[in-house]
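Take this structure, written in structure tokens, and hold onto it; I'll ask about it next.
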Amino acid sequence: MTDLLRAEGIEKSFGTVRVLRGIDLSVGKGEVVGLFGPNGAGKTVLANVLSGLIFPDRGTIFFEGKEITRIPMDARFRAGLTRTFQIPGPYPTLTVVESVRVALLCGDSGRRGKSRSSRELEEEVESVLHRTGLFPQRFWLASKLSQGCLRRLEFARSISCRPKLILLDEVFSALSEKDEAELAALLRSLHGNDGVSFLLISHNPLLLEGMCNRVVAIEDGRVAWEGKSADLAAYLPVAGAHNHGQ
Amino acid sequence: MNPVAQVILDGIFTGSTYALIAAGLALILGVVKVVNLSHGAFFSLGAYVAYVLSTKGVTHPAAAALFACVIAFAFGVFLGKSFINPLRSHPFSVAVGSLGFAILFEQAAQILWGPHPVSIGAGPPWAVVSGVVVRRWGAVSLLASVVVLLGLALLLSSRWGLPIKLVAEEEEVAGSVGMDVEKIRYLTFGFASAAAAVAGALLAPAVSIAPTMGRVPLILSLIVVVASGMENVGAIFLLAVGLGLLSNLSAYLVSPQWSYVSLLSVICLLLVLRPMGLSATPLGRDY
Amino acid sequence: MDGFQRKATGALALGAGLLLLLPLAGVDLFLLDVLTTGFLLACYVGSWDIVGGVAGQISLGHALFFGTSTYACALLTSLAGWPFAAAAASAILLSTVAAAVVGTVSARLKGPFIALLTLALGELVHEVMLGQTFFSPREGYSWGGEGGVPVTLPWKALSPWAAYYLGLLFLFLAALGMTRIARSKEGLIWTAIAGSELTARASGVDIARHKRRAFLAAGALAGAAGVGFAAYVGRATSADFSLELSFQAATFSAIGGRGTIVGPVLTALALHAVLQGAGFPPAARVLLYALALLLTLRFFPEGVAGTLRSRLRARRMVSEGADR
């Protein structure tokens, strides 16, 4: 399977704290890969490095065969590599529809280089809103949405660039069962219908078992285990394995 | 008479007082985590306090410094508590608001004492060393600055400085161990503002006192803080003295205007050329 | 257009209508002059709102663009002998170039440091212009500093009423143009950057590029205001670069409501007209502006028009956008 995303030897320190100590990770086309680890293992830092929010001290990242190690986050978005944030930061003064419009203005058009008419843009916005179930709330101020809806808005933002890979950072945590189920269905539809690959970050092993083809477990900034999600239960460290607390 | 040596010595004295201002600004940046543009106005406040006292016949620097300290501390705590603390997380409000306070003071000073510079007598010479005159203001300024900065360095490395360091570096920890974080913040703001005012009162005999006199010390101390960070008190002192020296020299050799212009150029270059270095400050971080 | 935008345009039209009729009600020449300069000031403040309100960049050196324009008009007409139209076009071009420079160097900086940099740049140019003299061989003496440089105008004298109505037309068109820009797709991206740079980046927004564009638009519009000012006052002085003028741009916008365009424009006009019309000296006026600013930032941070906009949007949430 050709690698869509490949990270080699990623190291990152903050001052004297070495958070990532040499991580190798890959996601293939059409794969759903889970990233598992306890809090403090470096999952979010890794997500930040892979998405381009910060750059690694050492190591290289390839996307579709091209090196992107020092390409900034907005360029990665336009190239089809996008991410959601664990704590969504909605625009304080924009409505839901406006928030999606921003992403659509900058996402796909940058890649394809052709401009669309306002009509086409609006149609795409509405299609994204329908897909993520946000159409009824489209005129709401984004900051007034519930947690579940904010996560869906994160999804809406992410799929606006016709992504090839979405990094989901703890997107299911602290959600109601209903919201979780809806989000999971959305993920499956994106995967099944559009062939989007995912890197799903979570500290919840049951979730990863259910959704991923393959799981990578990191501990203390290093890859501790990698294998099929069905085998995840065998790896789980004895202490704190079923500790789902934040 | 050795004019260049005189300028150099006076530059060192001036620079050491600027170190007081810079140290205060560094504290505010580190503990309250804001860029405070009103800091220069507190310097002016101290100088005008010294001026008003001198018109009433009180010329001792200790008196001026004491009055300036108390008034500025009160104002600083008021400003910190009522404005800076609540708006800390809004960079626009803090930047424009603190500038607003500075301009408010400038206009008030202009209304009260007129737009033209006034001055206090420089005082009789204390000592003359190989053609160079040492006056009271210079000696007192240097002494006060060294004492205060040493005290600050000692405080920060001791048990008593722990609350300040915690609020600066680990806010959540400070809050969770029951410290009144807001109080530490506005008290720090008050102390730092008082330090700037004391500097103004001490330096008053050596400068011309005008409503916009606070702008140069503001830019200068901003350079010091941006360039040397908040941790290193020694670096702050040395850099402030160095800049004060350069500023005095260029004012003497070229013209007073050009020293302000060169300071402004320095800070522009600093900000443009080392944006990565700025990420060391609490404001530079992205996430 | 949503509810607030309709009300905003309506307010502009209403204001224009009132001001159109005002001189017919009989006002003295002094007030006419105050209002005419007010129109130009309002355009200048509106231009700040583009970069400082809509795009959310803390620009504290906006007078740099204004002064560049007035000085260009003055120097090109009086020293280089250019016709006013050519000088005016060059003035706007130069202020746009200045804005491009500022926008580029500010692009990678965080908010408070942009405030610092723009403040320092503005003060730098102001200080230089304060001491800079220009020798006019024709007149035989030097111009510059606070006395300023005269602008050589193509007309002998402009009637106060003509100046008033031209100024009003200028402001009205400029304000319409600015609201158009603010409501465009580019304006939406600017609003996103102002709201959350992080989320904008994660949405594919090239922050540096769009920040620069905001500065460009603001600089060009400030330049236009500068041309108007040079034409009306007939002189460019170093005060055109002053910190007080930069401060006023941010202050009126904050009080009026950052990002609303209409709020800053109307606030600048109203406050200037009232306070200067009442005869307050400059120091007292600026002091009152500063006081109003501090109170606004503390208690009504969204400003007049901004608070109205938030209320209307909250109400619309409830009705689920029936007017779209």
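By letter and in written order, the chains are A, B and C; residue numbering begins at 1 in each of them.
What we mean here is this: contacts are C-beta pairs under 8 Å (C-beta built on N, C-alpha and C of every residue); 3 or more make two chains touch, one makes a residue touch a chain.
Note that the coordinates shown come from a computational prediction; the quantities given were computed from them, not determined experimentally.
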Original post:
Any idea which two chains share the most contacting C-beta pairs?
Top reply: B-C
Original post:
Taking each chain's centre as the mean of its Cα atoms, which chain lies farthest from subunit B?
Top reply: A
**OP:** Give the identifier of the chain nearest to the protein's overall CA centre, each chain being represented by its own CA mean.
**Re:** C
Original post:
Approximately how many whole Å separate the CA-defined centres of subunit A and subunit B?
Top reply: 47
Original post:
Between subunit A and subunit C, what's the gap in Å when you average each chain's C-alpha atoms?
Top reply: 42
Subject >> Centre-of-Cα separation between subunit C and subunit B, whole angstrom >> reply: 32
Subject >> Interface hub residues of subunit C, defined as touching at least two other chains >> reply: 198
**OP:** Could you tell me which residues belong to subunit B and also touch two or more other chains?
**Re:** 286-287
Original post:
Out of subunit A, which residues touch more than one other chain, so two or more?
Top reply: 53
**OP:** Give every residue of subunit B touching subunit C within the complex, in rising order.
**Re:** 34-35, 37, 82-83, 86-87, 90-97, 99-101, 103-104, 107-108, 110-111, 115, 215, 219, 222, 226, 255, 257, 260-261, 264-265, 267-268, 271-272, 275, 278, 283-284, 286-287
Original post:
In their shared complex, at which residues does subunit C touch subunit B?
Top reply: 56, 58, 60, 105, 108-113, 115-117, 119-121, 123-124, 127-128, 130-131, 198, 243-244, 247, 250-251, 254, 258, 283-284, 286-287, 290-291, 293-294, 297-298, 301
Original post:
Tell me, which parts of subunit A touch subunit C in their complex?
Top reply: 51, 53, 72-75, 77-78, 82-83, 85, 88-95, 98-99, 101-103, 105-107, 110, 136, 138-141, 144, 157, 160-161
Subject >> Residues of subunit C that touch subunit A when the two form their complex >> reply: 185, 188-189, 191-192, 194-196, 198-207, 259, 313-314, 316-317, 320-321, 324
